[in-house]
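Multiple structures follow.
In what comes next, chain A is part of two complexes: it sits with chain B in the first one and with chain C in the second one.
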Partner chain A sequence: MRRYVQAENVYALPLLQRANPLDLVYVGYGLAIVALVFVSYLIGTLGWLPHDPRAMNVALINAAPFTPGHLLGTDFLGRDLQSRLILGIQAYFLPGLLAIAISLVGGSVLGILAGYRGGGWEILVSYFSNLLDSFPRLVLILLVIAAFKPDIYYVMVVVGITGMPVIANLVAGKIAFLRQKSFIEAAHALGLPAHTVILKHILWLNCRAPLVIQATLGMAEAILIETSLSYLGFGVQEPTPSWGNMVQAGSNYFLQGNFWPSTAPALAILATILGFQLLGDGLNNLLEGKRRA
Partner chain B sequence: MMLLSIENLRTYFYSRSRRAFVRSVDGASLALARGETLGVVGESGSGKTVAALSAAGLVSGSPGVIGGRVEFDSRNLLDGLEGYVKVEERDARVMAVEKDERGWGKRAESLMAGVRGKEIAMIFQNPRAALNPYATVGAQLVEAIRLHTKWKSKSEAKERALHWLERVRIDSPRLRFDNFPFGMSGGMCQRAMIAMALCAEPSLLIADEPTTGLDATIQARIVELLEELKAETAITTLLISHDISVIRRISDRVAVMYAGTVVESGAASQVLRPHAAEQHPYTAALLASIPSAEAIRGKRELRAIEGEVPDTIDRPRGCRFYGRCNRVTDAVRGRCANLEPPLAELAPGHKLRCWLHAA
Partner chain C sequence: MKLSAVKPVSRVLVRELAVTALLLAGVSVVVFAILYLAPGDPLRALGVSEAQGVPRTWHGQYAAWFARVLQGDFGASFRTGLPVLPELARVGANTLYLTLGALALTLAIAVPIAVHAAAHGDTAGNTAATIAAYIVSAVPVFWFGYIVVYVFIHQFGMFPLISGTATRQQHAWLYSLVPILVLGTASGTLSEMVRHLREELSRVLAEDYIRTARAKGAPVWRHAFKEGFLIPATEIMSAKIPFLLGGAVIVEQVFNWPGMGRMAWQAAQDRDFPVIMGVALVAAAFVRLGNLAQRVVFTAVNPRASKE
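Up next is the complex of A and B:
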C-alpha cells in the first residue's frame, strides 16, 4: 500500500520507503559483500578452511571449479583456490582498517583545526592536499617500499596519510557551512563546551554520514592498492596468499588455457571493490543526497 | 539595582580590505535594571549586535573586545582583561593593537564560566540557521536542559522540554519534539530557540533581531510571544532590532546607537515620541523614516536619512552625526564640528549626546 505524506514530512517516512530503489540495491549488494568479507576473514583467522592453503597436490593442478573436494578448483601447484581466496582476505583486511582509521582520525583532526582555528592550519591542509594531488600515490608507496621494506603495514600507513586531506577538507567544509549559518555561534551562546560542539554536534551529527561513506571508499582503495602491489610483487609474498599475487601466479598459465586460477581472484577483487564502492555511493545518495537544511 | 551595565565598551576589528582597524563599538555604555526590557535601535553597522555579542563574550574575529566594563550581577565580566591588550593610536586612528589572545581567552572563559547560556541566554536572527540541522529540535532542547538545569536524566529532561515547547506555544509539542529544523517553519524554529534560551531560566536574555528574516505575520506572533513571556517570567531582556515598531511594543527603555556609541537613552515613551522637543537629531531622523499610517494616507514622502553611517576608522573630531545632522544651528556648529558632545543627563533617566541639548 502506498502512503502519501506531506512534503514537509517526507523525512518522517522510514528510510526504506523514501529511498530510490536502485540505491537500496547498491547498498544491499555492498552490505552483502562487506558481510561476506568479514565472515571470510573470521573463518580465515579461526583456520576453518576446507583445505590447508599451502598443501600442494601435484596430481590435481589447475583443476576446474566444482572438482570434487575443491569447490573453486586448484592452482598451478594443486593448492585449493577457495581456501587461498579466503586466506587472501587477511592480506588487506586489518591493514585496510588501519589505513581508514589513520585517514579518519588524522583527517578529522586536521579538518577541525583548519575549520575552527583557520589561518595557518587552513593553509597547511590546502598545501598538503595540493602536494599529494601532484604526486601519484603508487609512486609514493613504491618509494616507501624502497626506503623501508615491502611490508603491507608501511604501505597502509602511507595510504592512510594520503587519505587524510580528503577527510580534512570534508570536515573543514562542514564547519565552514555551519559557521556561515550561525549554528556554531549559537551553540557557544547556549554555553555548550567546545568539545561537545566539536565532537558531538559537528563530527558526530553533521559529519558521520560523509565519514562513513569516505571510509567505505577508502577500503575499496586500500584493497585495490594492496592487490596491485601484491600483483607487482611488492606486497604479500608467496606462499602467503593475496588476491594480487594469486592473479599474478595464475597469469603464467592463462594463455595455456588454464584461465581460472587467475580469473577467480580477479573476480573476487572486482566484486569486492565494486561492493565497497557501491556501498559508498548508495549511502551517499541515501544519507546525504536530499537531506539538506 | 542594575543587572547588566556596560561601560565604555570598545570592540575593534581589523579590516583586511581596508587595512585598518574599524571601531565597531567605541565607548558604548548601556544599563539594564532587573526585569526591564531595553531596546537597542540604530541603523545597520551602528554596532548594536557587536555590543551585545561583546557583552556575552561571543565576539569572534580579531582583535575583538579591547576594553571597557561589562558588569553583570555585580561582577565584571571583563575584569583584569585590559592587561592583555595594548592599543597604539596616532592622529585619531588606531595604528596597532597587541592582544594576547590566548591569555585573554583563558581569563574571559573563566570569568564567563557558568554565565553564558546559564545566566545570559541569546536568541539570534534567522533561527533555522542557529539550530543544528542534523539533530531533532527535541534532542537539542534536551541537551540544553541537561546542561543547565537540575533535570539531568533523559526522561526528566524530555518532560521538561515538552513543557517548554508548550510554553513557547508550539502546537502539538509531542510531534514537534522529533522534528528536524528543516521540517519546521522559521517562526516555529524561533520558538524552539526561545525555549532553548529560556530553559535554563537565565536572568538576562539577549535577543538579537529576533524577528528579522521572518514573515510579517510571524514577526507579530513572535513579538506577542516575547511580550507574554516577559509578563510571565519577568526576565530582563536586551532587545536589538532596527524595527522601531517592535522596540516600541516591548521595550521599557530604549538606547539609540550610532557609529559605535550610544547617542540617546531613556524611557521608551520619551525617546520614541515623534517630534519631541528634547531629542537627538539622529533619533528624530530614525523616527521620521518609519512609514506611519497617517503618512501613507497623506501620501507624504518617507524621509530617508541623508548620507551613510560613517566608517569608524578615524575617530571623528566632533559629533559623530555632524555630517548628516539637519538640525545643526550656527550657534553650536563650531562645537559640533570639533568636540564630541558628552552623554548628558537631561532629565532623570534621559541621556542625550548632543550639543543642542547640552547644558
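Up next is the complex of A and C:
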C-alpha cells in the first residue's frame, strides 16, 4: 500500500527563501552530476576522448591518478581510465532514457485510467501494479535474458514496464487530491473537454514536477541495473567499456592490491547514482513540500 | 492482539489469501507469456508439446504447463539434470537466510537513525547520518563486496570465505555474516528505509493525540508505536523484499553463495529454462507472502482497515 503525502500548497515565500539549505545542496550536487554525465556522453559520442579507450600501453600499467597524460591513471592493461569511464556512459545513457520514457508514458496512462476513469479501471490498474511489484526486477530481467537474448534494450523495456506502477500511483494520487479540492469538477463545469483537463490541467500543471522527480530517480535505477548486469556479464562485453564490466575486470587485480582499476568505475557509479537520487529527493522536498520543519 | 481485532484479521486473511492466489496466477501468466514468446520453443523443452497430447493453442499450452507447475513439476535442469523444485528448496533456504539477515541488519541501522531524527529534528548529527545513509545506499554492492573480502582476508586472515563447504567448518556461521553485512548495508534499501520511517514517525508525532498524550504525561512512545513505527516498518520491509532478492543475485555471485540468485545467474547463462522459470515463480511467491504478512499486521493493528 502506498500512501500519498500531500502538504498544503500554501507557499507565501519564494522557493529559494523557504527552501531547506540541505535540499539546495542535494539539488546542486545532483544538477552538477547530471551536467557532467550529459557533457561526458556528448564527448563520448563525438569521440573527443583524451586517448583511445581500447589502446593498451604495456609500458604504463596500473598508473596512479594524475600521471602526466592520464588524469585518472590507467588500468591493468595500460588503457586510459578517463577515456574508458567517459565511453562507459554510452552503455546506459540512451537505454536509461528509453526506460524512463516507457515508465512515464505507460505509468501516466495507467494513473489516469485509475484516477480519472476510476471504478473497474482502478481495480485493474492496482492489480497490474501489484503483479509487477511481485517480481524482483533482476530476476525478471534474468528470465527475459534467458528467454530472448542479453540485449540492453530488452532489459530496459523490462525496467521501464516495472517502473510504471510508481508513476501510476503518483498520478492517480494527484488526481484524487485534485478531486478532493473540487478542481476537476470545476474544470468540467467550465466546459473543458476531457483531454484538455487530463493533458493540461492534470499532467502538465499538476504532475510535471513529480514526474520529473520520478524520471531522475528512474535514471538512478536504470544505471544501477545496467552496471549490475554488465558486472554479471550480461551487458556490454569487453573490450568495450561499461562501468559494470570495468569493476568486474578490475576485480581480478583487486585482491592483489591493485584497487584503482575497479575502484575508479565504482566511484563513478557511486557518485552518479547518488547524484540522481539526491536530485530527485531534493527536488521532491523543494517542490512537493514533503519535508516538515 | 486485542480480542476486537481477531475477527477482522481472520476476515482479512481470507480476502488477502484470495488476492494473493489471484496475483500468483497472474505471475504464472507473465512467466508463461515470456516462455511462450521466446524463440526456440522453451515450452517444448519443458515437456509441454503436441507429443504429450497438448493442443497447439496458447491457452491449451498454458493449461498443461500450469497444471504441471501446480503439481510441483518444474521439470529438470538442462545443466545438471536434477529436478528443479527440490534444488530450489535446497538453495532457497540459503537465500532466505541471506535476505532475512540483511533485512534485519538494515532495520538495525535504519531504525535508530530514523527514530532519533524524527524525535530531534534536523540536528547536525541527524543530517550527517541521513547523508551517510544516502552514500552507503549508492555504493555498488559488487565493489563493496570486494572491499569486504579484501579486508577480511588481509586484515583478519579469515579465509576461506563463503562456499558450500564452509558451512560445515568450525565457526563457519561467522563467515556467513560477511555477505549479510554487504547485502544489508549496500543494497540500496538503507536510505529509503531511513526516509520512510522518519517521515511516517514524524508525521505521527505531530498528530493531536500525541500532543494530548504528551500533555497528560502519558508515555508518548507507547502511543506512537503502532501507527508511527510498526505499520511503516512492516510496510517498508515488505516493499523491499524484491529489492533484497534482486541484490542477492549479485551478492551471491560475489561471495559464491550457493543460493537462488546464483542459480538464476547460472540459468540465464545457460538458457536453462526450467531453473530460471522456477526461480522467478518462487521469488514472486516469497514477495507475495511478505506482502500478505504485512497486510495481516496492518489489519491487526488497525482493525478499521478491514472494512475498507
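Here is the rule we go by: the second predicted complex is superposed on the first by the 275 of 293 C-alpha atoms of A that agree within 3 Å, B and C clash if a C-alpha of one lies under 4 Å from a C-alpha of the other, contacts with A are read in each partner's own complex, and residues count from 1 in each chain.
Assume contacts are C-beta pairs under 8 Å (C-beta built on N, C-alpha and C of every residue); 3 or more make two chains touch, one makes a residue touch a chain.
Since we're looking at a predicted model, the values are computed, not measured.
K.L.:
A:Lys181 contacts which: chain B (first), chain C (second), both, neither?
P.N.:
So A:Lys181 only meets chain B here.
K.L.:
Counting only touches as set out at the top, which of chain B and chain C does A:Leu16 meet: first, second, both, neither?
P.N.:
In the superposition, A:Leu16 touches no partner, neither chain B nor chain C.
K.L.:
So which one touches more of the residues on chain A, chain B or chain C?
P.N.:
C
K.L.:
Which partner does A:Ala59 reach: the first (chain B), the second (chain C), both, or neither?
P.N.:
In the superposition, A:Ala59 touches no partner, neither chain B nor chain C.
K.L.:
For A:Leu205, is the partner it touches chain B (first), chain C (second), both, or none of the two (neither)?
P.N.:
First partner only.
K.L.:
For A:Leu138, select first, second, both or neither according to whether it touches chain B, chain C, the two together, or no partner.
P.N.:
A:Leu138: touches chain C, not chain B.
K.L.:
Can you give me the overlap between the chain B contact set and the chain C contact set on chain A?
P.N.:
In chain A, positions 292 sit in both the chain B and chain C interfaces.
K.L.:
Within the complex, which stretch of chain A touches chain B?
P.N.:
Within the complex, chain A contacts chain B at residues 8-9, 11-12, 178, 181-183, 185-192, 201, 205-206, 291-293.
K.L.:
Can you name the residues of chain A that touch chain C in the complex?
P.N.:
Within the complex, chain A touches chain C at residues 1, 5, 20, 22, 127, 130-131, 133-140, 142-148, 150, 220, 224, 227-228, 231-234, 244, 247-248, 251, 254-255, 262-263, 266, 269-271, 273-274, 277-278, 281, 290, 292.
K.L.:
Hey, which residues of chain C end up touching chain A in the complex?
P.N.:
19, 22-24, 26-27, 30-31, 34-35, 37-39, 42, 122, 127, 134-135, 137-143, 146, 149-150, 153, 188, 191, 195, 199, 202-203, 206, 235, 239, 241-243, 245-247, 249-250, 253, 261, 264-265, 267-269, 271-273, 276-277, 279-280, 283-284, 287-288, 291, 298
K.L.:
List the residues on chain B that touch chain A in their complex, please.
P.N.:
56, 58, 60, 116-118, 121-122, 124, 126, 128-135, 143-144, 147-148, 178, 180-183, 193, 196-197, 200
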